[in-house]
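One chain, chain A, links the two complexes that follow: it is found with chain B in the first and with chain C in the second.
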Partner chain A sequence: MFKVFIAILQKDLRENFLSNKAWFSISFFMLSLLIFPLSFGKGNLEEQNIIIPAIWIAALFSNLIALEQMYKDDFKDGTLLYYSINGISMSIIVVAKCISHWLFCGLPIAIIAPICSYIFSGESNNFYLFLTLFLGTAILTLIGSPISAIMLGISARGPMLTFITLPFYLPTIIFGVMGSNVTNNNINAEIYLLLAILSLGIVIFPILTIKILRTVIN
Partner chain B sequence: MLLKKIHRFANPNKFLKVIYPFKKISLYMAVFLLFIGLMDALLFSPPDYQQSQTVRIMYIHVPSAWVSLLAYIMIFFFSLMYIIWKFPLFILIAKEIPIIGISFTLITLVTGSLWGKPTWGTYWVWDARLTSFLVLLFIYMGLIFLEKAFKFSNNGDISFAYISIIGAINIPVIKFSVDWWNTLHQPASVFRLDGPTISAEMLIPLIIMSLGILFLFFFLALTNVESAIQEKKINSQNFRG
Partner chain C sequence: MKNKLILSVEKLQCKRNNFILFNCISFKVFEGGLVIIKGNNGTGKTSLLHSLCGLVSFEGKVNWKIEKKKIGYLGHHMGLKDYETAEEFIAFWKKIYNSKVNSDKIIKFFSLDKFLYKPIGALSFGQKKKLSFARLLLLESKIWLLDEPFSGMDNKNKKLIADAIKRHINKKGITILSTHDQTKLLNIHTKQEVRIV
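For the complex of A and B:
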């Protein structure tokens, strides 16, 4: 079972690496970050303290953009059907998909974001920003996965997916931004809340995705 | 045993016959109760000692908030029953409720912000109760768009059911947001473990108004369900012919 999981994960990662769909979301993150200083005018970014919200908004939308592709290609060329015919457990597929999605649309953003924050606003204490993004992007991926599976049946799915997913992302955004703004505080309630959401989400959302994928495929 | 009883009403034609008297009763009750409740609330109930006359907004605001939460809970349970027992009638009912729920949610938000201006000094604050209620509005919108996207096929039923179940996470957040966070919105004063803290003179019109709005909700929901069943019949007839 573990060997199958590794094989599927390798296949997903290779596909993501070779195609442009995963690189697209990281590039979109950089590009949309560029818009914020330009739209705020002459470099008063440090005073307004908008770099953390800007990073969170950019991370959210780059995650959303890649979400549409999560199961679509494998569903269209019949790979998912092939897996289910061959008796490969759905849970393996869903977990592999979530991990590969997060490795390409979550982790790079969490690593790049502190550097961007340093470049834009000159603030060097960005450990909490990294930590909240590290947890938050994983939550975003997990919440998005069942909705991405649901949308497999609709023809005009892009705007629908965005509209339905965004309300569920809001708590993560709220706690993430609050957690990133607190710089040196020993008790970080927001990070514990994010950890709580993550640990609940790891249990609930893959199960939902499995149920939905079964009904969609059959 | 219970399932057998539900089975009897799973036939849409029988269901239409069963709900017809309920619909009529709900309409008459809604008109009657809303008339009495509005008279009592607007004319005979005392003004608040702090908020004076603006407290009368409460008699619209609170019942419609309760009903919009109830509407979502009903969508949740009908979707759950559809996923478990696979009766098409359940999802037919669940799909008709969001459009009513969203109107009560809008009424709640608008009256709430109108009430907020004289008492809090602002139309809107980004605190937990208000934000989570706004999220409820957007979840209702998403459900309506999802239903419209699948207008001509049955594939949407299962996705509608799952999305509404995921969205139900928001309901306990709305209910307990005033207890978990420090908010400007006042905590619950009617549904409490140690009894209501609101005075009886205000509680009675509030209860009458909320019963009236509840019956209004039932009337609207049943009317929508009836028209959805008829629409489905016409569609299947066209499909056959």
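For the complex of A and C:
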């Protein structure tokens, strides 16, 4: 079972690496961040403390961009059908897909964001920004997974996916932005809340995705 | 000695959007049996195969007498990735199925060695189909459900696929295939035809 999981994860990572879609998500994050200092002016950006919400907004939309592709190709070319008929556990597939999506559209953003924050605002203590994004992007991937699965049969998926997903992302964004702004505070409630959402999400969302994928394939 | 019963289908009915695709289909398949589902386009041949896999809801009875966890299926969508090479594809599915089958033999049987290192996106439809058949052999399943296995293939490759099916049947496996094509290639004494009108 573990071998199957590793094989699917490797294949997915390779697919993400070779396709433009995952790289597009990271480059979208960088480009959209660049717009904020250009439109606000660098001085205003520092004064109004806009850089952290800007990073979160950019992270959210870059996650949304890659979300559409999560199961689409495997569904279209019939790979999901073969997994299902040949008795490969759907849980392995869903977990592998979520991990590869996060590794390409979550982790790089969490790593790049503190550097961007330092460049744009001069803020050097960005540990909380990294931590909240590290947890937050994983939550965004988990929330997006069942929604991406439910959209498989729909032709105009792009706009629908955005409209359906955004309300579910709001709590994560709110706690994420609040948690990133806290500095030198030992009791950071927002991070605990993000951890709580992540713990629940790890249990609930893959199960939900499996149920949806089975229905969609059938 | 009479062969063991593998599948019994009784009064199978399938509906799509309240429209009955097919009705009252019954047949039995024994070890080493070949069932050819014939019918025109849109009569529900693929849906019949999907209902046997358990993918589509249906009315009636489908009783598999052996474990149907590992069904060898070949459909219109072949589950191939354009960026992969044929070799990577075979290696991947061998890992997934934890297959002990010698893949070199399969490569030789289907003459895949000529395009083994080419990306799948550059292969022809027939070559892709042969590759999909290679995956079927890797699964080592007793049950083969094949949806239009001969479509898009030249005579030489049609014969090759017919040979693969005959070999499978000789090993006491069962094959249920749908086609609207001629099936003269499959002269097997256990052959039975199910016609969907």
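Just so we're on the same page, the second predicted complex is superposed on the first by the 215 of 218 C-alpha atoms of A that agree within 3 Å, B and C clash if a C-alpha of one lies under 4 Å from a C-alpha of the other, contacts with A are read in each partner's own complex, and residues count from 1 in each chain.
The criterion applied here is as follows: a residue touches a chain if its C-beta (ideal position, glycine included) is under 8 Å from a C-beta of that chain, and two chains touch if they have at least 3 such contacts.
Everything numeric in this text was worked out from a predicted model, so none of it was measured.
Undergrad: Contacts for A:18 in the overlay, against chain B (first) and chain C (second): which applies, first, second, both or neither?
TA: So A:18 only meets chain C here.
Undergrad: Is A:78 contacted by the first partner chain B, the second partner chain C, both or neither?
TA: second
Undergrad: Is A:208 in contact with chain B, with chain C, with both, or with neither (first, second, both, neither)?
TA: A:208 contacts chain B only, not chain C.
Undergrad: Tell me which partner A:89 touches in the superposition: chain B (first), chain C (second), both or neither.
TA: neither
Undergrad: By the touch definition at the top of the document, which applies to A:150: first (chain B), second (chain C), both, or neither?
TA: So A:150 only meets chain B here.
Undergrad: Looking at the overlay, does A:188 come into contact with chain B only (first), chain C only (second), both, or neither?
TA: Neither partner.
Undergrad: Show which residues of chain A lie in contact with chain B when the two form their complex.
TA: Touching chain B from chain A are residues 146-147, 150-151, 153-154, 156, 160, 163-164, 166-168, 170-171, 174, 208, 211-212, 215.
Undergrad: List the residues on chain A that touch chain C in their complex, please.
TA: Those residues of chain A that touch chain C are 3-4, 7-8, 11, 15, 18-19, 73, 76-79, 81-88, 217-218.
Undergrad: Show which residues of chain C lie in contact with chain A when the two form their complex.
TA: 53, 55-57, 69-73, 75-81, 83, 92, 95-98, 135, 139
Undergrad: Could you please specify the touching residues of chain B with respect to chain A in the complex?
TA: Within the complex, chain B contacts chain A at residues 131, 135, 138-139, 141-142, 145-146, 149-150, 155-156, 158-159, 162-163, 165-167, 169-170, 173.
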